[in-house]
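In what comes next, chain A is part of two complexes: it sits with chain B in the first one and with chain C in the second one.
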Partner chain A sequence: MYVAVKGGERAIDNAHRLLASDRRGDTDIPEISTNQIAGQLKLAVARVMAEGSLYDPEVAALAIKQARGDLIEAIFLARAYRTTLPRFGYSRPIETSEMAVERRISATYKDLPGGQILGPTFDYTHRLIDFGLAGDAVPEPPAENAAGLEPAPHVTRLLNDEGLIEQNATRSDAPPRDLTREPLAFPAGRDLRLQNLARGDEGFLLGLAYSTQRGFGGSHPFVGEIRIGEVEVEFFAEELGFAVTLGRVQLTECEMVNQFKGSASEPPQFTRGYGLVFGQSERKAMSMALVDRALRAEEFGQDVTAPAQDQEFVLSHSDNVQATGFVEHLKLPHYVDFQAELGLVRRMRALHAAARADEPDEAPPEEADEPVEDREAAE
Partner chain B sequence: MSTTATATTPYNYAYLDEQTKRMIRRAILKAIAIPGYQVPFASREMPMPYGWGTGGVQVTASIIGPTDTLKVIDQGSDDTTNAVSIRKFFQKTAAVAVTTSTSAATIIQTRHRIPETPLTAGQVLVFQVPTPEPLRFLEPRETETRKMHALAEYGLMHVKLYEDIAKHGRIAKTYDYPTMVAGRYLMAPSPTPKFDNPKMHRSPALQLFGAGREKRIYAVPPHTDVVSLDFDDYPFEVNKFDRPCALCGAENVYLDEVILDDRGGRMFVCSDTDHCETRRAEGHRGEILGQEETRA
Partner chain C sequence: MIESPTEEMPDIAARQRAMAAFAEANFEELASVLTGIAAARNSVDLRRPEAGLVMLRGRVGGDGNAFNLGEASVARASIRLVSGEVGHAYVLGRDTAKARLAAIADALWQRSETRPTIERELVAVVEDRLGQALRARQAQVAATRVDFFTLVRGED
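Presenting the complex of A and B:
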């Protein structure tokens, strides 16, 4: 007798066993350590920390190992871990102007206070596969600057002195909104939008940012400044009555300077787009800044015409953990809904055939086997 | 705040921390107070993917206790991969008794079906919902659909159903068929086949709906009207099957079509596996079994 095959607990257990052994791969080759991942795949770790919203290189490295290098899966693991952690409160706003700069460049000024500091970047490399890396090549030690670095004020502050750029909103003491603690509602304020973008998928934001450069909601951007480095994170402890330092995090910050014509009441000024992400990720920080500016269209009286300017479109679809879950859920069984559709299509085909049989003299109708419309994906 | 971690896991009872559970319970209470209204809630990341039941799992995690008996089904079956995975999750994190019997369960979490065995007072049916907004495919914007609900402005849905009739001669909606709850809110029953819609109407059980990715919870309290939309001249009809279950002989149940070979052979069997097994245990025999065994 035929037994309907429906998953089965043993099959699932065996699939998980196979997954574990596949992850490990050939046991004659040494297992990769999380130290190696955290130390040598830093940018992957940075991405998992940024989109996982959890600054913990060890957890991120472990997640990458467990996910077999699938970064969205690793981000998912980090998020699911993060959500279980107790929350003590919010840190004090970090001061990126006091960042211990590892890299800092401006595209708007040739030289500026604090200098142009190139830092560890792929930017000026030739993208030639380095076959030497396949072996155990030991790189030259980096050059040191004995003099140390001078303070590097933000470029936008320099513009601010002349009134050429819009003022940042003054700091408010209101607690920040947090989309991990309350559902997102529209229209969303800039704080929530920036949080959403900071957690958003790098590829999605990159595509949106690119679209603004190709005419879908352009904003004529200049990279005022990109800086990468560590900043201190402080927490105000009520019991103590003062702020204590929790540690340091590496950040990438991007300030875009965008054109703006001004209005009857305001003189012409540049406007801002802002990006801030954990770790070293200029692509993400720049994309975030471009999309942030695009999402401010309404604020500047611009028509919302392009996808990147549409907050419901951008904010609802930026999260890759949500997106991958829902896209991939189509793999789950949908037998019963499909059965309902099968029944309907068969009935409609029977009616169609009957109708044709009733009118034998008509010219052969065009093939009318079109699928039923409005079939939203069976969820 | 209690942080009772069970012996097998470092996580709190039923995974979610107590503060989160309290937040979700508040949303559930509000949902029960306003039947059919979608209550926004601060959905958490869960250790299973969005679209795989995170909303239902959060609702279940917030209402489950050690004295509960849990049943989890997907496509009507206890043995589908995702149902097994979710059942195991609660066995592990909530140390709860599980069952496949509809009548023995206090909480039933489901995806895409309502059990054939009628539910009773005291039972809770938790639906996993992918798209809580019944108007979503007619109007993509949340700002618009919330306004339409506030004004009970549901003409768009009636027009869609009318257009179906004009185009196809019938309402071409076979699952996730729109319902009106307590005469006020248009509600998506989740992608259950419309066959199951009548079971929601004045059910003595509490029906809770959780949508994790979309961050919405809604509810149908016991004995509440749930009416499928239709027209006087095109009344609502459920999917019908022209044969009984091949295994247990049940009629008027929802059937899965199973392809037997590549020559067009197929059979139809109960989608609700518990219902089918119970009937077979009672001695009912369908076409296929009848050929092999004599009736008990």
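Presenting the complex of A and C:
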């Protein structure tokens, strides 16, 4: 028999009213504006844009406010919002070599064209809490160098000149596959893998990337280059017959240079892993590049032995909206399922007791059955 | 859809440049210029201004095959002026009112009577603002460039 249970509407309404009031908090304290979030919590906004897979700082800032700073909840809101909008089409591929860099570093070459540009980085800070920020101290204006910047070509191009590094496949005009239009199937090509990783959870990818460094599918990586900055986005408009510039987006790109691959016909050369993420998001871009390289194991004839090399494991569990949906659904009412399990465990215990009653007495009492019962009860 | 491409090529490049400026312009910049132009009035919508998505593509390794990176919100509009010119706009963000003004600016740019005003008061102004902002930012960023020097150690 299935019994539908109703009720709880008023409790739900009142819970949401309480949530709205708690979100606002103490009304003697000024309310936070989405402009403040977009301007002063920019890296949180970047994370919501990247994993929400929607470049829109205003929407991301509002989602952070609505989610009370819970970034995975905010990412969920951004994903839900994007489903309400029509798709106009696909941009032309963004040319990151034309980025107006705000940061650009390489761990492989000290002196490189364009130089090592630190930009607004946490690196080399002492990670000491700055109590001055709790007050209203005005920061020093940034230093300036009127000479400006030189062109900064991709570092991998320097290695390409000597043939020391894997070249990317000749560009094909075939449109890349799109995860948002077709379900993920295995084996997935590198285009689908990169799309999945670009919107994947930063924490999950960071853990996987770390696992490769600790020996679970290692590839001995170097940061060939990290660059952060704005790039123009172009869109081919059918009604115009030419491409129009939509505006600029900020991206973080990471190219990892990894140990060698060679064959009877090809001399050994470095291999590559690639990361590209919305906004200023260096940890995510680096993790993505390490995991991208790990997922190329088969392509380079390596045994797939580690979690980070297993496409199905990585790509099926990287999406935090899916993950949080499935984990968090457990807290919703499961009263009927649990009733069924209760009935089952009672029957099993009755059978167990009957079996014991039938057994001869010499069964050693030390080998108590308690652990088994505990396990069953816990299911 | 491409009208006599060979003759219009230089025009297309100039129009692309102007449309890029309209996309980067803010609502106030567009509105303040367009309110002063009589031909901008009473335009009709060919396509109601709407917000939607464009899937942004990157390249594997920065220079290889394309892959889908993630979507961006984009507003678009298409209008026709009373004098007949059709203007289009696609701009990042969800500001449909701005997209409509950008489409009007595009149409006005195509009229020889209004193009000089649009070029001077809108395209040049926006490009100038962007150029100044870029130079100022690049000066700040350039100050964070590392100057390596070598410490001489040991006997020579």
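As a working rule, the second predicted complex is superposed on the first by the 354 of 379 C-alpha atoms of A that agree within 3 Å, B and C clash if a C-alpha of one lies under 4 Å from a C-alpha of the other, contacts with A are read in each partner's own complex, and residues count from 1 in each chain.
Quick note on the criterion: a residue touches a chain if its C-beta (ideal position, glycine included) is under 8 Å from a C-beta of that chain, and two chains touch if they have at least 3 such contacts.
Predicted model only: the values in this text are computed from it and were never measured.
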Which of chain B and chain C A:I117 touches, first, second, both or neither: second
First, second, both or neither for A:T180, with chain B first and chain C second: both
Touched partner set for A:F278, first chain B, second chain C, both or neither: second
Contacts of A:L344 with chain B and chain C, given as first, second, both or neither: first
Larger contact residue set on chain A - chain B or chain C: C
Touched partner set for A:N168, first chain B, second chain C, both or neither: second
Partner chain(s) touched by A:G325 [first = chain B, second = chain C, both, neither]: first
First (chain B), second (chain C), both or neither touched by A:V233: second
Which superposed partner A:P86 touches (first chain B, second chain C, both, neither): both
Chain B and chain C footprints on chain A, overlapping residues: 82, 86, 180
Complex contacts: residues of chain A adjacent to chain C: 49-50, 53-56, 58-59, 82, 85-97, 100-103, 110-111, 115-120, 142-149, 154, 156-157, 168-169, 171-172, 174-180, 190-192, 194-195, 198-199, 232-233, 235, 237-249, 251, 253, 255, 272, 274, 276, 278
Touching residues (chain side chain A, partner chain B) in the complex: 1-2, 4, 6-9, 11-12, 76, 79-80, 82-84, 86, 180-187, 312, 316, 321-322, 324-329, 332-337, 339-344, 348, 351, 372-374, 376, 378-379
Residues on chain B engaged by chain A in the complex (per definition of touch): 11-12, 15, 17, 40-47, 49-52, 54, 74-77, 79-85, 111-113, 130-131, 137, 140-143, 160, 164, 167-170, 172, 174-176, 190-195, 213, 215-216, 239, 241, 254-258, 260, 267, 269, 271, 273, 288-289, 292
Chain C to chain A touching residues, read off their complex: 1-3, 5, 12, 16, 19-20, 23-24, 50-74, 76, 78, 88, 90-94, 134-146, 148
